[in-house]
Every structure is written in structure tokens, then in C-alpha cells.
Amino acid sequence: MIELFVFVAASAMVLVGALGVVLRRHPVHAALSLVLTLFGVAVHFVALAADFLAAVQVIVYAGAIVVLFLFVIMLLGVDRLEDLRIEPFKVQRPVAVVVGVAMVSLLGIAVAVSSDTGTATPGEGVAVAGFEGEALHDGNIIALARNVFGRHVFAFELTSVLLVVAVVGTVVLARRPRRGEATSDGAAS
Amino acid sequence: MGTDILDVMETPVLDWFALSPLLVLLGAALVMLVVGALTPPWPRHLATAVTCAAGIAVGVLGVLLWRQVDREGASLLVNDAVQLDKLTVWSMLIAAVGLVMVSLTSDGFGERENLAQPETHALYLLAALGAIAMAGANSLIVLFLALETMSLALYVLVASHRRRTASQESGLKYFVLGGFSSAVFLYGVALVYGGTGSTEITRMLVALDRQVDLDPMNETMMLAGVALIIVGLAFKVGAVPFHSWVADVYQGAPTPVTSFMASVAKAAAFVAMLRVLLIGLGHWADDYRPVIAALAVLTLVVGSVMAVVQTDVKRMLAFSSVSHAGFMLVGVEAAAHLPGTLESDGTSSVLLYVLVYSVLVLGTFAVVTAVSGHGDASTSLDAFRGLGRSRPVIALAMTVLLLAQAGVPLTSGFVAKFGVISAAAGEKSWLLAVLAMVSAVIAAYLYLRIMISMWVADPVAGDDARPPVQVSRPIAAVVAMSVAFTLFVGVLPGPLVGITP
Amino acid sequence: MLAASTTPVDFPALSLLILLPVLGAAVVALIPRRQGDIAKVVGLLTSVATGAIALWVLFAFESGVEGFQYVSQHPWIDDWGISWHLGVDGISLLLVALTGVLFPLVIAGVDPHHDHQRYLAWMLLLEAGVMGSFVSLDLFLFFVFFEIVLVPMYFLIGGWGYDQRVYAATKFFLFTMAGSAFMLVGIVATAVLAKADDGAVTFDLVKIAENADFATSTGRWLFAAFAIAFAVKVPLFPLHTWLPDAHTQAPTGGSVILAGVLLKLGTYGLLRFGVYLFPEAAVWARPVFLTLATIGIIWGAIAATMQRDLKRVVAYSSVAHLGFIVLGTFALTSAAVTGGLIQNINHGVSTGALFLLVGMIYERRHTREISELKGLQKVAPVFAGFFTIVMLSSIGVPGLNGFVGEFMVLIGSFGSARWWVTIAATGVIIAALYLLWAYQRVFHTEPDAANSSFPELRWREGMLLAPFVVLIVFCGVYPKPMIDRVQPAVDSLLAHVEERSGWSQPTPDEPVVPAEEPGEQEGED
Amino acid sequence: MLDLIWLIPALPLAGFLVLLVVGRRLGDPRAGYLATAMVAGSFLVSVGVFLELLGLPSEERHEVQRLFTWVPIGDVSVDLAFLADPLSLTMCLFVTGIGTLIHLYATGYMHGDPRYSKFFLYLNLFAFSMLMLVLGSNLLVTFLGWEGVGACSYFLISFWHERDSAATAGKKAFVTNRVGDWGLMMAMFFALWSLGSLDYLHISESATALSTTTATAIALFAFIGACGKSAQLPLYLWLPDAMEGPTPVSALIHAATMVTAGVFLMVRLNPVLAVAADYASWVIAVVGLATALFAATIAVAQNDIKKVLAYSTVSQLGFMFLAVGSGAYVAAVFHMVTHAFFKALLFLGSGSVIHGMHHEQDMRRMGALRIAMPVTAGTFIVGWLAIAGVPPFAGFWSKDEILLFAYDKSPVLYAFGLVAAILTAYYMTRQVVMVFFGEARWHDAHDEHGAHGDFTPHESPRVMLIPLVVLAGLSIVGGAMQLPFSKSLHRLEHWLEPVVERGEHHLTDSAKDIKYLLMAAAIVVALAGVAAGLAVYAARRFRAVEPCVLAEGWYYDRAVTSFMGGPGRKAFDGITALDARAVDGAVNGTGRLVQQIGSQVRRLQTGNMRTYAAAIAVGVVVLLAWFVVLRGVL
Amino acid sequence: MSAVATPTTTWYLVLAAAVFSIGVVGVMIRRNPLVMFMCIELMLNAANLSFVALAERLGDIEGQSVVLFVMVVAAAEVVVGLGLIVAIYRRRPNVTADDLIELKG
């Protein structure tokens, strides 16, 4: 019962948030809706026995990423309302609707018909058990850590490269053009 | 529950030699960044030299690894995260060639356009790293991460021309669409993971074998995942209808970056596509083969048709690149007739094609870089007018490269096309083969247009006022290498064909 | 074609025929521009040397022997079963010789107006490509040469042509390339499908032709793929429209080569790769080709009649003449096929000469419009005389070369394609009409002011035309040596066709009353 | 001597080659003499060969001389070979004989022409071709000559090519002849594929093995060829126009020799004709007769001195075909020879008149020339009587024989033949009267010929008159070679017997019986025609009936011309336009279509990333639909 | 309990599918590049949710590891993306997706 309630409530957060991102005119509101969704997902993570991820979700996603979004919005003053009533491309929105409906139906069908019970040889579980097989409070973290630093150590190292790229990239992008340099706007087309 | 706390963590056995190309690239990038940050005014050419050296080192290591693989067969590295086989080494070599040639191209370019040298080169190095990892990835996770590494570096590189709004615009477009398609890809990975219980490419089939008695309905989710993975990869290779970014980005990006994208990035994407589709998803080959065929046809036709109506050379070459992707997809389709192995004619035809095309396109864009002039903006067809008179040698080189792209015999382009057609014919995909050739004819018009502009077109008033085309020595070297390779492979394809995996 | 007899002399003549011009082209291109004269000499010498080798091949060729001679085979791309396999037989021999002869003449006789060196380099490359196409006995190799020919020709038209050169060059390139696109698939498919028998892929023409046994429908599809490429090249109606443009816009030298040898790639290919490889399909497709050829003969002639540009008249006449060749090829009788091959040469000579003459007119008057030209015979009788001889050859007056091939085609085809021949033969009427009409308008009547200072034929031009005239007369009077070299190959080809397809050549009905040999009657006298 | 057959055509060929190289240096008149000598040499050789053949028994009177294989057609090889037999020798003799005379004549006639040597170059080439035609041992060599004479005819008709009409006439001759050549080629095709050879000897030996249909086809196709060459309906059009050429040309080519090639061919093929269906010979006879009548009516109303002769030639050739159709091959050859004599005479005579009249050809501006040019007039009158069929001139005998055979075939043919004969006599009388008698009308022309100053017609030089006299003599006695009175006088028939088996003894009895009656009728008719002519033009008893429709040649030429220039040209234009618009249009249209599609698809490339995202999303949905719905659920 | 269904993995998957689709639609209809990024984040989250749900279903920790990496990627992406936007906005304030159409055709 409680699971059901949690699921419904969290799903509502997720969906409302998601719709909010798409439909709120103000970028700040959109960002805040995103937070809602992220929290909802975090709740689901907990329900799905991914405690550590739930925490990371809140800290990294909601805490860092969205804040970054908001920061940029404020920095650039991109707080202008987006008029969602006008759409320069007449077909864009009908297409979007059709695509949305079709996609949700197709993906829905695809995942809905998948079976929950079919796993013949279930994996080793998402949490590490104790000596006697009792559940450990940090079983999930240990399992995750073993997996990440063991099996996926190459991927983990790769993320470091990814982050280097992100850092260097931001440096390159953020550098201002030196004064006096002519620009070649419009000359490209 | 299988595991408990006592289970030992899977510590990887590290084959440092096998990983050395990646480490070289990372090391070079970091050295460049650190030193670059410490010593603001870098001597000219130093960044190029470092990148070139790294590229050559990767190339040498690649050759050594090739011989190792030749001797000992393929092997899995770092807890099965990376597959070291000929495909990986192949794209390593392409990356090496790409790095050398792009760095040479962008040497003069960086000075001309006054762009940050060390950072740009570091990004090339890291993108190459990502490309190699992508090609070698034996896990969808690694694949995703490598793809993102490469892509992020490219997003930045594309937007790195600070004084061209076109560059930034294309960077943003590439970023949004790239992120979009990455998300699609990731979602596909999730569904496939749900279907097979694994993200490891070589294990998927094994995992599947475990599940033969499963509820077949999981199959549907699995298939949805296949669809989305294909979308993600098709986006990267620029297959229609996921190609729309290609033209804008190729045109907007600084020209050396364009050449890098068209060569190294595209090659890596194709190798990854082969690996994922044939090994990981080989079981569903019958399901996705028609899709690949349809994509190939669309890509060929749309790419060629769109190419001929363009007036900007970079844009033309962008659409021609799309068309070439279609050709390679024909090869992929042929390979998909023999899923589960990477030793089919189809696979080798694709690999041959990507290598050949990479070298071609690197040379071609090197010429475009030279012609594009200060501001990297004069890339319209008119800018090439009279090149045959003012710069006959470079125009001749460009002609060779264009003819090769058109698939004229005695150039590498023909060998590549022939390989693909052979592979398709070997699998009796007649229609695809014919359509591919017909669209090659359509595309030929575009190369002819550029050649006409260079050689035949009458001068127009004002032509003399244009600044003369400066061909720096590094660019000349790149073009020379490219042309030499093109002609050598065209005349004596035997050796290359012989070693293509 | 079974036994490949090699010539005793172990001299890589055929490889030289290809490589020498390539080398020459490279040298010509590399000579500094200041020393343009040296380049000219080098270019000419190269082509002359090539021509000499070609003629040596022609004369040293053992006539009356079937099978390939001067065979040279080296592996090229082992993994794909491709080899550098060259050889000539009666079918290709004359074309090789013609190529060898035409190029030096054109190079020596027709100067481009600018960029001499580049022009020469392209010309020599073109020669290499054409030679290669004629002597290749490997499908892949053939395709390489067949296709590479487009490039120099494209640049020759585009670089040294007339007003509409870009359009014409592009059209030529794309049209032909479109045709060969199908052929490439066909070649690959042929090799792949022929593989089944012995496991290894081979592109070797002879091996495939002799060993492979394609299913009926497969063979037809493959044949179609080849045939399209060649039909474009020939060009066969209705794929001919690139030709008038290309011919007209090309520089004179280009036109001569285009008409003289390039079109022959198509007719040669139809025979060598269409009929030889896919006999059953060729027999099956006979009606189509005969019909198209016949339409082409009439259509080309009619269109030629109404052209206003002298060069276009000649160009359309090529459409008609090539129609005869295709007619002969698909009549599949010994005389007709042989006649077609002879006609290849004859058309090359006479139309080549016509283009030279038209080029000379253009050089003098800077126009090719028939309406702008008038009364030239009065002011330049020798010029007119040369034109007349060539024209009569093109019309097909017996005693000149044009007649021999045409007649052999017609009479040979009559046995197996009676109705087509009946119609096609009317083409000779229109042939007279369009050439004579054009001649009348250009050469007859009183010259007007613009034409009255038309210079007479110069010595150098005369020397250029003289070999053509000699060939025109010689081949018209004594074609036997040519036919002797061609016919054995044709007969063995037809035997191959008959064996594979159930086709049987009609033979002239044996008369009931046995004829006495004329020689015997002489004895009685 | 028989070994020297090759010399017969070789001599004119040598003349041609010499003139080609040094003709201009030889100049006027040496070039002419050289050419004449060459043809005369041929004549002498011919005579030699003739005599030698005559010495042989009649069944051995054929000699084949093979030079080399010319065109191997599959297993059949066609040689360049000569056949000397009675027929070819007959032809050779009169071709070279008359040829020599005309050459000689031309040395005078062409005197002063700037292209003097070229004229003889062509003439020699013509002689060579004509000799190849008659001497060829097979159809193909004949065809070589056949086309060769056509080409020479073209050159010579348009010899004065500065005149547009001459140029046009030359072209017309060639093209019209080509229509006939098509027929001849078809005949060769049939012959080769049904007989396995093109050799005349072979054909005549094995013709009986031919099926009727094939034989008919060969005969009729060959007849088409003959119609073209010999200017029969409906292909006669070119011959009147051919009068644009210099008069010796008209005499040699368009009267005496070349135009009779058709008749020669049909006679050569008489064994085939014998096997052919009955209607084949009817077709030939009727076409011949119709042409004879048709041309004769036109000749009645012509005012150009040469045009009259041209139509007359057409008409006479019609007679010859009537003969062929009636089986009177000997008569055909006979008439061919006599016609050669008197028509050459008439043409040369007219040439002399034209020469003397400073290139005036309109008979209305002549008259009374007998005083100024007595020799010309005298010889012309001989010619007139010969063609009119007045005995004992040559024309009478040959025409009589033809009519006899025509009667044998059908009295209707005979009746119409008589009408043609009477018309012949009539219009020739008209011509003679208009040119040589009556009052001098050339003074009217003074204004136009003002440049000539004082204008008086003069007699031609001797070199031109000698041929006239010789030919006049031949026209008088030519009939002697075949006289109907007794078998032994059928000399030509005996001579030709090896080639033409059908002779007078094949006639039905009824015809034989009234042979002399018919002869009498012919005499009456000829005299009637002459009388009528005299009555109308000399005595002016009756008004001349020269309706426009006749002067215009029944408007046939004009109809054909306007058809060719109108609908014919439109059709050609149409096809050419179709070629440019439809065929080429399809090609260019494809190119344009690609560009169009490109421009349309290009609009989807909006530059807006949202559109691109939409494209990707649609792609995703389509792929999902394929995988999930078609591959998964279903 | 029997009357009330317990949420199964499938439920989560369907939810994720819905969120994913919403994200896709968002990218298509929003013009503000920042919001477009957010929509992409939605899509990534949908994938993450699926991974975690499937990890639970399969009893396999790997799905969770993936999510960890994805979060890193998301962070890096956002950094670069926002860097791009900042760079562009510096030159063209308040630019929207519809304005960035210099390159087209």
C-alpha cells in the first residue's frame, strides 16, 4: 500500500515537473519544475533500492546542475517570458504532439509488455549482503562501489577525461575575443 | 543472493601497452594544458608539433598493436571494457592520421584566425582519445562515455571560432541535437540492458542465450532499445533523417574541425556501429537489416540530391559526406547479413571506406582551409573560381581528391566504393548496390561543379580584388599526403585491401 | 577464344601501350611552362611511339588465328581476384591500331589555343585510358580504364571547348557515369555469381565467360547492367543526346578522338562484355537492340539533316553510323559482326576526318553555323576536295571505306534480321541527304563577302588529312587484311554464342544447282 | 587480250589519277586530250577483247578475271573481279566508244572553263566507274560502279556549283539515286542469302533454284534500283534537273551511258526475272510504258532545248523497260545502244547549239540555225529521224523490236507504246523545227547578252563536230546490228545469246505472224508524228498545244518538292524537335528534377534546430514503430 | 494487499517512457536553448529511472553504476552547454533557437 502511495506521489511529482519544464513560460519556473522532477526521480530511486543514487541525484542534479542552470539564467538575464502561444513553424507543434503521443505509446507498449518475472537467472542483486547474508545498511553502496571501481573502472577513468574535456572546453568557450578583432558575422552565409 | 561482502572486487588486469595510445593522447593533452597555462605565449608551431608527435606515437603504437593482434588475436582489456582487435587498431590508425593531418591543417589556421592553440589541440587529442575508446568500447557504458567525451570536445571545437557567429551557432546546434540524440541512445541502452541483462557487447549474446526460455515479450522492449541505439549511432554518422545537423555544423565549424569530424569522428562512429550491431545486437540482425537498408537509401539519395543544390563548398562537402555515409551504410547492411562476426566482406568494406574517405576528406578540407581565407568564411563556390589558374598545383590536388570522392577509378575512392559494392553484391543486395551507384552519379555533379569553378569558369569582375589564396607549408604537406595516399591506394590497392580486417 | 596463344616475342607491347602515354603525360605535365616546346615534342614523340607499337602489334598479329595474342598477366589485387590481364584478339586489334594512329595525328595536327602542355597531358592520359579499355581482359581492369577515360575527356571538353563547354562536359561525364554505375554493379555481380563454381572470386573475362553458367534470368539482368553502360557510350537511341553536345562543344582534337575511338568503347564493350559474357541474354535482347539501332540510324540521320551547326550534323551522323554497328553486333552473324567491327574503324577514320575539317572551317571563320558559310568550294577547291572525299566515305560510297563496314553489316544482318535491315538500309538515303545538303549550303554557290577570303588548305593541314584519305581509300578498296584479322575472332565468338545460347547463325541457302568455282571456269577457257 | 580486261577500267582510272595530281598543270587542252586518250585506249582494248570473245564458241564467251578478294561476307567472299561476256562487252564498247567521242567533244566544249582539267578528271572517273559497273563480275562490283557513276553524276551536274540550281540538281540526283540504291542493296541481300553468292555466273546458273517469291523480291528490288538510276517513274525527277550540268555530261551520263545502267542491270538479272512471278515483269513493263508516255507528254511542252532531250531520254528509257518487262532483253540492249548513238548525238548537237548561242538554251530564242551551223543542223536532223523511228535510221529498228515484244505480251502495251512513239516523233519534230528552222529569234535576246556585243550564232569548232558526224553515222547504220528480216541478221541476239537466252524465237506465233504488219504500223506512226510536228510548228497549220500542265511536268516535280519542303520537312523538323525536347529534354529534365527535389528538400533544412530535432524525433518514432509494432508485437 | 497492486518495475518503465517522451516534445517546442537543455535532462533522467528500475528487476547492480556515470556526463554536458550559451549570449542576448538560423538550406 505504502509503496503504491509513494509511487503515485513521486510519479505525480515527476510528471508534473516534467510537464512544467515543457510548459512553463518562464525559464526559472522551468528550472524549478525540473527540480521537482529530479526529486521525484530520487524518491523512485529510493523505492528501487538505489539509495546512493538517490542521494547523488539530489546533490548533483538538483543541487549542482539546476543551480548552474539558474545561475546562468540570472547571469545572462534570460528571464524573458517565452510566448508559447505563437509558433512560427505551423507544423512544428502538431508534429510534436503526434510524435509525443506516438512515442509514449510505442515505448509504453514496448516496456509494458516486458515481463517482471521472466528473469531466469537473476543477477547478484543490487546490494551486497553481510557475512551471514543479512542485509547491510550500506550494502548498496558497497555493491555499487565494487561495480564502479571494479568492473567499470575503465568507464570511471573515462569520466575523468570527460571532465577534463568539459573544463578545457569551458575555458575555450569562455575566453573573450580580444578587443579590436574584427568579427566575420554574416560573412559565412 | 550471489555476492556477499567477502567477495573480492574484480581488480582489472591492466595491459598498459594496449592502453598506451590512450595514455599518450591523454598525457599529451594534459601536458599541453598545463604547460600552456603556465607559459602564456607559446612558440609558434609547438602545439602542432606536440599533437603531431602524439599522433605519430599513436600511429606507431597502433602498428605495433596491429602486429600483436595479428599474432595473438583479439583480446579484451580492463575487465572486458575495451576490445582490442583490428577494428580498434584500425580506428586508432585513422585517429592518428587524422590527428597529424588536422593539426597540420590547423597550424596555419590557428595563426591566421588567431585562435587559442594549446587548448584547441588538447581538445583534438581528447576527441581522438574519445574516438578510439568509442571504437574499442566493449561495453555500451564505455561507448556512451567515449562518445560523450568525443562529442563534448567537438561541441567546443565547433564553436571555438570566436569571431564567427556561424561557428557558435553551429556549436549550439550540434550540442543540442547531440545531447538529444545521446539521450535517445542512452535510453536505448537502458532498454537493451533490460532485455539482455548486460551492457557488455560481447556478453549480450551470451546473456541472451541464458534467456532463451524467457517470456518472449521482453523481446519487444529489447527491440525498442535496438531502435533507439540505432538512432543514436545513425545520428553520429549523419544518416538521414538524423543528418540535419551535418550541413550546418560542417559549414559553421572551423574548417580543420570539420575535417576532423568528417574523418575521425565519423570513422569511430562507424566502427562502433559495426561492433554494436553485429556483435552486441547480432541476434536481431534480421530485424534491423531492413532499417539499415532504408537508412542507407535515404542517406544516399538525400545526401546526393541536397549536395548538388548547394552553393557553399563546405556545405556541399557536408552533404557529400552524408552521401558517403550512405555508402558505408550499404556496407553495414551487407555486414549485417553475417551477424556475430566482424570478419565479413561487409565489415572490411566499411573499414576500408572509412579509412579512405577519412584521408580524402582531410585533404579536401585542408584545401578548403587554405581557400577559405582570413575569417574562415570564403567557402562559397565562387571562392574557388580561377584556382586552376592562380594555384594550379593545389587545384590539381583538389581535383584528384574530388574525383576520388566521386569514385573515379585509379583513386582510392573507387577502391572503397568497389569494396562496398562487392560486399553488397556478395549478399545479393542488388537494389542497394544500384541505388548507391546511381546516387554516386548524382553526387558526382557536385564535384564537377567545384572542378568547373576551379578550372573552367570564366573570371568575373572583381576576382582580381580577392586576396590570393595562401597555401601554408603544413597545409601543402597535408594535401600532398592525402593525394599521395589517394593515388597510391587507387593504383595499387592490393596491400591495403589485403590488410583490411 | 579458348586458347590464349601468346606471341613468340616476349615484349610487353600492350602494357607499354598503356604505360607509355601515362609516362608521357607525367613528363609533359612536369616540364616547366617556359619550355613548352619541349613538352610538345615529348608529347608528340610519346604518341608516335605508342602508335608505332600499336602498328607493330597490328602487323605482327597472326591473322587467321583465333584467341588472344600478346597476353600479359600479372596479379594486381589478389584479394579480389583482379589481375593486370591484357591481350588483343581480332575484335580489339583494329581498335588498338586505330587508337594508336589517331592520337599522334590529332596531337600533331590540331593545336589547342592555350595551355598546350595541359592539353597534351590530358590527351596522353586519354590515350592510355582508351588503350587500356581495348586491351583489358579483366572486368575490373576494363572498368577502371573505361571510367578513367571520362576524366581527361571531361577536362578536354571543359578546358578547351566552345561556348557551351561546361554544360556539354558535365552532361557527358554524368551521362556516361550513370551508365557505368550500372555496369560496375554488373561487374561485381558477375564476379560474385561466377564464383560459385570454383570458389575463388575472379574478374578474369575469359575465365568467367568460359566457365560461368548463369541462370537465365540472372544472365539477363547482368547483361542489362552492362548493356546500359555501353548503350550510353555508343550511344544508342534514346541515350544519345549527350553526344551532339559533347561533340559540338569539344575542341577539334577532342571531337576527333571522341568520335574516332571513344564511342567505340561502347560497341566494343557490347560485343566483348555483352555478347561474349552473356550469350543467352544477348540473343534474348536482340530485338530490343536491333530496334533501337534501327531507330537510331533513321533518327540520327533525320536529326542530322535539320541541324544548323555543321559540327552537330557530323555528330548526329555518328549516332546513325553507330546504329549500324550495333545492328551488326546484334545480328549475330559472322559477316554482320565483322562488318560492325570494320565499321568501327571506318567511322573512326571518316568521322574523325570530318571533325578535323569542320575544325579547320571553324578556325578560319569562327563559326560553324551552316548559314554563315557559303561558296567555299570556289575559294578553296582543294579543301572542298578533301571534304568531298571524306563526305563520300561517310555517305558510304563503295570504293571508300565507309561502304565496306556498312554493307557488311547490312548484308550480314539481312540473314537474321530481315525487317530491321530493310528499314535500316533506308538510312543510307538520308545519309546522302544530310551530308550533301550541308555540303551544298557550305561549299556551293557564290561565296559572300565574309567567305570569299576563306584560306585554302595549308600544307600542314593537308599532311594531317592525307593519312585519313589514304586510309579511306585503302580500306575501301582492300579491306581484306583487316577482315582476315577480325573474322576468326568473330567466328569463335559466335561459336561460343551458339554453343551457349542455342542461337544458330543463318547460312546462305545452298543453291540446288552447285555453282562451279569461277576459277574452274577460267581453267576451261 | 582477255587478260587485259582489267585494263579497260584501269586506263580511265589512271587518267583520273594523273589528272588528280597534275591536272591543273597540264591545263587546257592537254588535260582533255589525256582523258580522251585514256578512254580511247579503253575502247581499243574493248575492241580487242570483243574480237577475241567473238572468236570463241558462243557458250564459252565468258571470261572472269579476278583481281583480289574485296569484301568477304562471312564464308562468301566477294571478289573484285571482271566478267567479260557478250553483254558486258557490248556495254563496254558503246560506253568507251561514245565516251571517247564525248570526251573529244568536251575538249572543245569546255575550252576556256576555269576548271577545265577538273572536268576531265570527273569524266575519266565516270568512265572508270561506268566500266566497273558493266564489267563487274558480281553485283557488288556493279554496285561499286553504280554508286561511282552516281557520285560522278553528282560532281558533274553540280560542276558549275556557283549556280545554286546546279548544286541543288546534283544533290537531288544523288539522293534520288540513293533511293534506288536502297532497292539494289535489298536485291543483293536477297540474292546473297538465297543463292549464297553475288556472282552473275552463279546467279544465272542457280537462279532456277530460287523460289518464286525470292526471285520476285530480287527482281522488283533491283527494279527499284533501276528506276532510280534510269530515271523511271516515280524516281525520274532528277534527270531533267540534271541538265544543269555541262552538255557533254548530259550526253555521256544522262543520255548514253549511266542512265542505261538500270536496263543493263535488269538484263543481267534476266535469269532471275525468268523465275520471278508473272506480275514482276508486268510491273516493269507497265512502269516503263507509263514513264515513256508520261515523259513524252512532258517533252511536248518544254522550251529548254536540253529539257526536251532529257524528257525524251526518260521516255526512251521507259521504252527499254517496256522491253525488259516484255522479255525483249535483246531489244532492250539494242535500243540502249541505238539510243546511245542518237541521244548522244542529239545532246552533243544541242550542246553545239548552246555553244554557238553563247549558252542560250531557250528554243524560243533560236530558229533558223541551220544556216549558221550547218553541220550541227545536219547531224541533229539525223538524230531526229533516228529517234522519231523513221526507217532506216537506227531508232526505228530497235523501237520496232520493242513494240513487237510488247505486242506479244499484250496488245494494250503495244497500243500505248505506239502512242508514246508518236509523241516522240512529234516533240522531236517540234524541237528540230524550233531550233533549226523558222525565223531567227535570237535577236530578241540581244539585250540580255549585251556583253557579247554583236551576237551571231556560229558553228562549233571541228573538235566538236567530228563526234557529231561520227555519231550521226552510227545513228544511221546502227540498226544493222539487229535486223528483223532473217535469223542471220539477228546479230545482236546471237551475240548476246549466252547471256540472254530469250530471243525472237520465243515469241508467240501470233506475234511473229504480224511482225511486218506491226513494222508498217510503226513506220506510219513515226511519220504521222513527224507530220503532225511539221504541221504544227513548221507549217503552222494548227495552234501548238502546250498546256501548262505538261510544261510543268504534270506538276509531279512540284508536288514532290512541296511535299518534301512542306510536310516532309515538317516531319524532319518534328523529329529533330522531339530529339531536342523529348529525348534530350528527358535527360535534362532528370537533371532538373534532381535539382528541383533538392531545392524542395532544402526547404526542410530550415536552419532551425527545433526542426532538426523534429526530424530526428520523427525518425525515432518511425524506427520504433518498425521495431516495436512490426517486428515486436506482431 | 491483493486488492491493491504493488508497483512493479514495469510501472516505473512506463513512467520513464512518459517522461522521456515529454522531454522529446519539449526539445521540439521550446525555443529557449536553456529550456531545451532542461528537456534533454528530462530525457536523461528517464533513462536513469529505467536503468535503476531494470537493475532492480534484474537484480543487477550494473544498472545503478550506469546511472552514476550518466550523472557525470549530464554534469559535464551542462557545463559545456551553458558555456556555449554564455558565449553566444555575450554577442546576441536573448537569442532563441528560432533566431539561430544563419546556417541553413
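The letters A, B, C, D and E name the chains in turn, as written, and every chain counts its residues from 1.
Here is the rule we use: a residue touches a chain if its C-beta (ideal position, glycine included) is under 8 Å from a C-beta of that chain, and two chains touch if they have at least 3 such contacts.
In this text, all values refer to a predicted model and were calculated from it rather than measured experimentally.
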{"item": "Chain labels contacting chain C and also chain E", "value": "B, D"}
{"item": "Centroid-based (C-alpha) most distant chain relative to chain C", "value": "A"}
{"item": "Chain whose average C-alpha position is farthest from chain B's own", "value": "D"}
{"item": "Closest chain to the centre of mass proxy, which here is the mean CA position", "value": "C"}
{"item": "Intercentroid distance (Cα basis), chain E paired with chain B, Å", "value": "26"}
{"item": "Approximate Å spacing (C-alpha centroids) for the pair chain A, chain E", "value": "5"}
{"item": "Centre-of-Cα separation between chain C and chain B, whole angstrom", "value": "44"}
{"item": "Intercentroid distance (Cα basis), chain D paired with chain B, Å", "value": "77"}
{"item": "Residues within chain D bordering two or more other chains", "value": "591, 602, 605-611, 613-614, 617-618, 620, 624, 628, 632-633"}
{"item": "Junction residues of chain E, two or more chains touched", "value": "13, 16, 20, 23-24, 27-31, 36-37, 50, 57-58, 60, 62-63, 65, 69, 73, 76-77, 80, 83-85, 87, 97-98, 100, 102-105"}
{"item": "Residues of chain C engaged with two or more neighbouring chains", "value": "174"}
{"item": "Set of all touching chain pairs, with the criterion as stated earlier", "value": "A-B, A-D, A-E, B-C, B-D, B-E, C-D, D-E"}
{"item": "Sites on chain B touched by chain C in the complex", "value": "403, 406, 408-410, 414, 417-418, 421-422, 425-426, 430, 433-434, 437-438, 440-441, 444-445, 448, 451-452, 455-457, 492-494, 497-498"}
{"item": "Touch list for chain B against partner chain D, complex", "value": "172-173, 176-177, 180-181, 184, 219-220, 223-224, 226-228, 230-231, 234-235, 241-242, 244-245, 247-248, 287-288, 290-291, 302, 305-306, 308-309, 442, 445"}
{"item": "Residues of chain A defined as touching chain E within the complex", "value": "1, 3-4, 7, 11, 14-15, 18-19, 21-22, 27, 30-31, 34, 37-38, 41, 44-45, 47-50, 52-53, 56-57, 60-61, 64-65, 68-69, 72-73, 75-78, 80, 82, 84, 87-88, 92-93, 95-97, 99-100, 103-104, 107-108, 110-112, 114, 116, 119, 122-127, 140, 143-144, 146-148, 151-152, 155-156, 159, 162-163, 165-167, 169-170, 173-174, 176, 186, 188-189"}
{"item": "Chain D residues within the chain A interface of the complex", "value": "606, 608, 610-611, 614, 617-618, 620-621, 624-625, 628-629, 632-633"}
{"item": "Residues of chain E that touch chain B when the two form their complex", "value": "13, 16, 20, 23-24, 27, 33, 36-37, 40, 43-44, 46-47, 50-51, 54, 57-58, 60, 62-63, 65-66, 69-70, 73, 76-77, 80-81, 83-85, 87-88, 91-92, 97, 100, 102-105"}
